[in-house]
């Protein structure tokens, strides 16, 4: 069993209480079952699950409080489906990229990870810019197209196209590609 | 006269000797006159001009050698039009973002810059990811749409759309917007 | 009242359950009253109080759990005197420098801070290296010599000498110098 | 022959035209033969030699110009003995740590280096803080005590003591320890 792959969940813990949040919520609801299934598969295979989430201007690193607070908003149904458990990693990020001002790179090095599966919202902001930061640091990427959502579907598609072309990431759907496929990819 | 704005020229010093380089060269030639005019205007206004350029696997920080070497390639006509002079800053970057593994942020802080004008190639890779890094660091951005080029025009347009929407940058053409407009923007 | 200064408390939340921990505990107990008084003064003056603390290999950003866990160790008397309240910032660091792999720099910029008061343990490791990182980022430093402790007093003195000489920091005792003195320093 | 070790030369290219520069020059002259011998040995063994040097406020990455300029100062005899050749890496750093605002970490990763030999001046500033940054990034360190110099010998000794104790580095003299010894250390 490989321990070189990790699964990231980006910004799913989100109140969505902002202009355009309703659109984002609708588009996110469509991908939640795919993310949930992928997370389940990751746990069965011993692939570490790492939440990388906006700190929403809180700087106390109290994750439990943040989750309770955010749950009061429009995004509650998403949070309830994808709520982190205590055996999963949870990293707060202050900006769009999950690598900027966070311990993510250090954690991944300690876990000896060199392949990343990225899921999250919004596809055209935080997922895109975290994917870019990961690419510059040499991680091999799979950003399943059915596990990223944005406010507008066209913007999501554009962002995924850039992820595929400029970052050389695989964007296969979880329907066509599995964690096993990804982990086998660089072997033999 | 404000000294808070700087002009970046990203990756114009490029051999273009790679697959797709011919396309990129054609598209770059179209924007070179706009970049050259903008650079001229910047110098007249005392706005610092900063080249931020791929190191092409050279790690000796010998810029003159790098320029001579790169000039042997397909991109020579672009380099000849936009060749840096010794009174302009020149920063080598090892990866896509001009802020990753470089002194760019430190230089901009020393110059007291908080507004950036970004020009460069490719629009859907290095310009996009440098723009993102600048946005996270709080810089106000103008990425003129007629000073960025990519291998495919559609990809360039997609990237600029993300720059405008996700990074809240101005992407007005230099035909409609000037350095003075940008410098006045945050005043009074 | 200025909001440009912040007070850091480095690694006081510590089990001290390691070789040499007894020595460190004894030396830390001596400075705790000084740190406590300084923290009280900071709060009265509206100076933000920021804990910057080792994550002890926990990567869940659950600060409350970490504090409870660490309290079971030898360092409990220190933690009880300096326990953070919810209105104080708390940043987890994965390595020695408080700026490496953390959001500290971004938080300080948002708070518009350019002067730092540093207290903490160990003076010859985490305080020294956080002070260096702060110096490179242009912060003006006061590291009161009576608010830093190390396992060995001689090593603590050596480290403070380097902080004063190489980092141009003030290391005056809190007996001779106050937050007001430090905040006035760069004025007029 | 291992390619996992690299030799760093920190700040030897230095005009020494500052207060205290005479002292530093005298102390540096004593270590120059040791550094020169170590560099020779490194080249024979295929160990990459990397200069990491202050940019002295120049931001053009024109290394040749910088060296010629700096040679006009008091430090000329040191530079003449340790002048870089074109097959050696040369990285400009804007601040004290060789890892801050530079491509050093990226270069070392590309070279697959995990063991660093550090030589340089000043021992109590740039060598100390580069050593700390290397330690946090997981590099194994040898800082030979007879290849670092500072303005005052006592400060140099204090700094080396911190390097040994806080950074768990070897500080053996090149008289007692060789590149081969260091490269063998983590084997078998």
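Side notes on the structure shown:
Note that the chains take the letters A, B, C and D in the order they are written out, and that residue 1 is the start of every chain.
Following the convention adopted for this analysis, a residue touches a chain if its C-beta (ideal position, glycine included) is under 8 Å from a C-beta of that chain, and two chains touch if they have at least 3 such contacts.
Chains and their UniProt names: A, B, C, D = Nicotinamidase-related amidase.
Every value quoted in this text rests on a predicted model; they were computed, and no experiment measured them.
The chain pair from A-B, A-C or B-D that repeats the C-D interface, sharing more than half of its contact pairs by residue number, is A-B. Comparing the CA-atom centres of all chains against that of chain C, the greatest distance is found for B. Annotation: 33 Å between the Cα-based centres of chain B and chain D. If each chain is reduced to the centroid of its CA atoms, chain B and chain C end up 40 Å from each other.
Multi-chain contact residues of chain A (touching two or more other chains): 95. Taken chain by chain, the contacts form a single closed ring in which each chain touches exactly two others. Shown are all chain pairs that touch, namely A-B, A-C, B-D, C-D. Listed in rising order, the residues of chain B touching chain A in the complex are 95-97, 100, 124-125, 128-129, 132-133, 135-136, 155, 158-159, 161-162, 165-166.
Looking at the complex, you find that chain D touches chain B at residues 55, 59-64, 86, 88-95, 101-103, 105-107.
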